[in-house]
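I am attaching a structure below and will ask some questions about it afterwards.
Per-chain residue numbering starts at 1, and chain names A, B, C, D, E and F are given in the order in which the chains are listed.
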Amino acid sequence: MIDVVVLFFVFGLAAGLARSELKLPGALYETLTVFLLLAIGLKGGEGLSRQPLAPLLPQLAAVIALGVAQTLLAYALLRGVGRFGRSDAAATAAHYGSVSVATFAVGMNWLAVRNIGFEPQMTIILAVMEVPAIMVGIVLARGIGKQTDWRTLAHETFLGKGVTLLLGGMAIGWAAGPDGLAPVKPVFYDLFKGTLALFLLEMGLIVSRQIGELRKRGWFIVGFGLLMPLLSALLGLATGMAIGLSAGGLTLLTTLAASASYIAVPAAMRLAVPEANPAVSLAAALGITFPFNIIVGIPFYHWLTTSIAGATP
Amino acid sequence: MTLPTEHRSLVVVITETALEQTLLRDFDRLAVRGYTVSDARGKGTHGVRDAAWDEAANIRIEVICSRDQAESLLQHLQTHYYADFAMVAFLQDVEVVRPDKF
Amino acid sequence: MIDVVVLFFVFGLAAGLARSELKLPGALYETLTVFLLLAIGLKGGEGLSRQPLAPLLPQLAAVIALGVAQTLLAYALLRGVGRFGRSDAAATAAHYGSVSVATFAVGMNWLAVRNIGFEPQMTIILAVMEVPAIMVGIVLARGIGKQTDWRTLAHETFLGKGVTLLLGGMAIGWAAGPDGLAPVKPVFYDLFKGTLALFLLEMGLIVSRQIGELRKRGWFIVGFGLLMPLLSALLGLATGMAIGLSAGGLTLLTTLAASASYIAVPAAMRLAVPEANPAVSLAAALGITFPFNIIVGIPFYHWLTTSIAGATP
Amino acid sequence: MTLPTEHRSLVVVITETALEQTLLRDFDRLAVRGYTVSDARGKGTHGVRDAAWDEAANIRIEVICSRDQAESLLQHLQTHYYADFAMVAFLQDVEVVRPDKF
Amino acid sequence: MTLPTEHRSLVVVITETALEQTLLRDFDRLAVRGYTVSDARGKGTHGVRDAAWDEAANIRIEVICSRDQAESLLQHLQTHYYADFAMVAFLQDVEVVRPDKF
Amino acid sequence: MIDVVVLFFVFGLAAGLARSELKLPGALYETLTVFLLLAIGLKGGEGLSRQPLAPLLPQLAAVIALGVAQTLLAYALLRGVGRFGRSDAAATAAHYGSVSVATFAVGMNWLAVRNIGFEPQMTIILAVMEVPAIMVGIVLARGIGKQTDWRTLAHETFLGKGVTLLLGGMAIGWAAGPDGLAPVKPVFYDLFKGTLALFLLEMGLIVSRQIGELRKRGWFIVGFGLLMPLLSALLGLATGMAIGLSAGGLTLLTTLAASASYIAVPAAMRLAVPEANPAVSLAAALGITFPFNIIVGIPFYHWLTTSIAGATP
């Protein structure tokens, strides 16, 4: 059965396509984003407070490599098959080499509804995977010249809203531990799924606005938006097996790899590679890959995980 | 009663929200002494920007300054941003009572 | 005892009349509206998922007739007794022939606090009853000429925020069913009453701004704002008995009939009958009828239902 | 330095939020190539509109265009909306550097 | 087509949100017939005002009126507020089609 | 252990100092403020509904005197030691003679987490203590001349957002009583701590912006911001013992006395004493005293209460 939070997405998408007057206030969208990032961070931090941190380092190195590999693969496809210009290819590749928090949240919810556990470090992996693709994308577009203002860029990336809230939430969850967090759990834990539902309703509305752009762009972008997550998923699955994740962790890492950023990366590329057309990357990441992942992808990645990788929940 | 006023220029820039910090840093570097920012949405050659989320939102920046500074601001925008960003900028004439402030 | 959510309304009203500086952000009001509409929709859809839908059709036909009858009755009173011009009478009549979601929510809450059940289709009846009065009002103002842009109007009406969220919520609730909805109930069900309280606080502030207009308009509008809901309530009660509703359903249908729209109809009339003065209709619907219904009306309609109609909870 | 600028007209319309979609559709039909919208509140002959809810909120629309188009926009507003809606509109002169854009 | 327009003055005041009620009361007393308010943020001699909370937020008020009234509004602001408040005000010329309204 | 809600404050502060891009929407800040004020009011009113109100009067007189004493003491220090001008001294003194709702909320939370009860009238004391310092501050700046528009000022003060919501919440809580409030408790009670956490995150961001001003002002303002709350705390403790509060009540009154207003008083002083520089008062109250109180102060005041005053929880 399709999860109820995904039904909210489908409803938002349908309302948008039918040109309903439905419009949610901008401040609500921002608030929901803040809430979800904090909640994911807290949950991850709480888990980490119960285990040693040192074994994490090789895992983080592995997922950084995963992000780099995805970006290069996407760039090759976009240049070679899609005949994209250098800047457009680099910017779009960065979207696909990075990750989407919303997709991660839907994956978390999918596992939670089915009572499948996963490693707490998935949150830190999520935060870490946002970044390398941005760096690779810029180098692909510019070379390692001096044109790029790396200081400003590092600032935007590491102190952007998403990474700040994820890491801040993790630090709080880690410092407070399970007991210390108890007072705020009625908000950050119990309301997580309902808030995610509202957020996905808004995402549906936003995704519906990508359709016009998609129509202009033709089939390559649709094909890329469907194929690239599948290729990335396989890379993610292999990486997850190499670092020894559980079934739930494997599903989440595969989902993360398959996901494409639509917040951190567009903002960074807008400033670092401004000549790339942001509409193309967003149309693919938001208009094709995001819906594909949350509706079809996640259950499929879990099936992959359990059958091909032989992991048992 | 006739109030003694002096003329200055008002530069108005309408552009992507994503540029806010960058532009304001530029303005600081160009010795702009004050500015006002408000949120907006709109439509132009870069399509409809309906402010449903930050990525699709606009801002509207106003700077009151001398004609010279106004022209160099416009020049700066034209050189660095017109090609790649959703952006509109224009000049107007305004009268102020504290000319030394602008 | 007066319900606590109504106390929030009274507080907002008092603060507004005392010219307090209290002002809630516009985005909060919009968010609360979205939340309440979705929550009402989900609850209705969940109920409908457990019963066949076919028997609904005659009930919907009956409530459409009820909406038409109320609009005509209001128009006759406003023209005949109130000496309103044609456009003003038509626009105001449309408000009274349609329904108020906020009043419905207070009624739902009143029944819930007293553990009185009601039919799940009341939500679909709520959505359906928003519309016919708008059509009748326009025909009363314009005749069936070509001046009216019916296509745009149908779009505004059927795809307006209110109807979209109610129907979307119902579709989700219906598709997910009771079990599927479980993950989002901590938000959409458990927080319903508290959210309604906050919403009614804001309503109190908004209603307090109608007083100036009421003072300008004199006593007819006050009398109409009190009498019309009572007449509509009787029509609603009769309709409810004819379609065989339970005691709770009867109370809600009576409340719905007695209520006057202050969101969907003003927006539609503004565009379709722009020469009508929106201040008059709003002053009556919001300034008189809404407070009357939620403070005095609902308990009275329930008493009517149980005593006159002989229904037992 | 003197920047080569050209003159255009700026039309500003302040009106009820309820009219937003309708007006923007009108503008599209009247071949307006771009516009900017922001939220506002205010007071006028139709009373105080304090934006407590959408019904009592205003918007502020700006269009940069040729003098001719500006006049036909104003004419359109006067014919269709001045009588029945809370609305104020005015014209200003602006200088732009990309005249072909407006 | 040439639309018959008349000239009026537009007063724009950018100042602290905390002053909103006070200024609007003043304007009522000074027989202002209409105004428009929107939210803003900015920077000036009183530092950065980034609207993170009401204490650090700005508003932008517009009044269309006769030149005389515009000057007395500016005079009033100068006398009562320029010294102690974050405030910028300026005058512009506008063209309107309903001169009796302003 | 430091409470989790305070960790959110520390996180916000750190993010602000590191110049993170994190920015919460203004409407969220306003909404959180409204929520906390209402929730505190409801809780106080619920408690008061179970006891007679008459014995309150002498307690209220005592805390009014406490507010006046704090303001005069602060004025003397600022004029005598700090060499502040008359207006600046008066305005800053008013901040310190008044109270901070956010500090009170953190104190309430601190006691709740430790299961320490307190008198319900603390809420009414909170509302009452906002006001006298404003009056005293104005008289100190202006004398009792005619320059001050006392009518407008009284309006701003008694009908400001804070006092309105606190008193309105109390009235609702009092009228509804424990049973009547039950339907809205899942929102206003269960979500209190999580909402406070989010609010303190935003407070951390706001406080971080005060650092620049503090740097400009030098050490006196830092010293004053640390010393004044300690002196006020002692006055508060003495007052609390005189009016016979319990250990929890004593801790809260001491905390209230130690706190400095950063909402009601700045707004009032801006209009009544405009020539005072608001940046100085805010830098002290928000930049020094608020963090000091919530991180170090509250546990210390409770220790003071139990050890020096000999009260037992």
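Assume contacts are C-beta pairs under 8 Å (C-beta built on N, C-alpha and C of every residue); 3 or more make two chains touch, one makes a residue touch a chain.
Remember, predicted model here, so these are calculated numbers, not experimental data.
S.K.: Which chain lies the greatest distance away from chain A when centres are computed from Cα atoms alone?
M.R.: Between chain A and every other chain, the largest centroid distance is to E.
S.K.: On a C-alpha centroid basis, what's the spacing between chain A and chain F, in Å?
M.R.: So the centroids are 41 Å from each other.
S.K.: Please tell me the distance, in whole Å, between the geometric centres of chain D and chain E computed from their C-alpha atoms.
M.R.: The mean C-alpha positions of chain D and chain E differ by 19 Å.
S.K.: Can you list the chain D residues in contact with two or more other chains?
M.R.: As it turns out, chain D has residues touching two or more other chains at 38-39, 92-93.
S.K.: Two-or-more-chain contact residues of chain A, please, as numbers and ranges.
M.R.: 21, 23-27, 30, 191
S.K.: Name the touching chain pairs, please: which are they?
M.R.: A-B, A-C, A-F, B-D, B-E, C-D, C-F, D-E, E-F
S.K.: Over in the complex, which chain A residues touch chain F? Could you list them?
M.R.: 25-27, 30-31, 34-35, 38, 155-156, 159-161, 164-165, 168, 171-172, 175-176, 180-181, 183-188, 191
S.K.: Quick one: which bits of chain C touch chain F in the complex? Just the residue numbers, please.
M.R.: 1-5, 7-8, 11, 14-15, 18-28, 109, 112-113, 190-191, 193-195, 197-198, 201
S.K.: What residues on chain A touch chain B, complex-wise?
M.R.: 23-24, 26, 29-30, 202, 205-206, 209, 262-263, 266-267, 270-271, 274-275, 278-279, 282
S.K.: For a test of understanding, state which residues of chain B touch chain A in their complex under the given definition.
M.R.: Counting only chain B, the residues touching chain A are 16, 18-19, 22, 47, 50-57, 81, 83-85.
S.K.: State the interface residues of chain E toward chain D in the complex, per the touch definition above.
M.R.: So the residues of chain E touching chain D come out as 1-3, 5, 8, 10, 24, 33-39, 62, 64, 92-98, 101.
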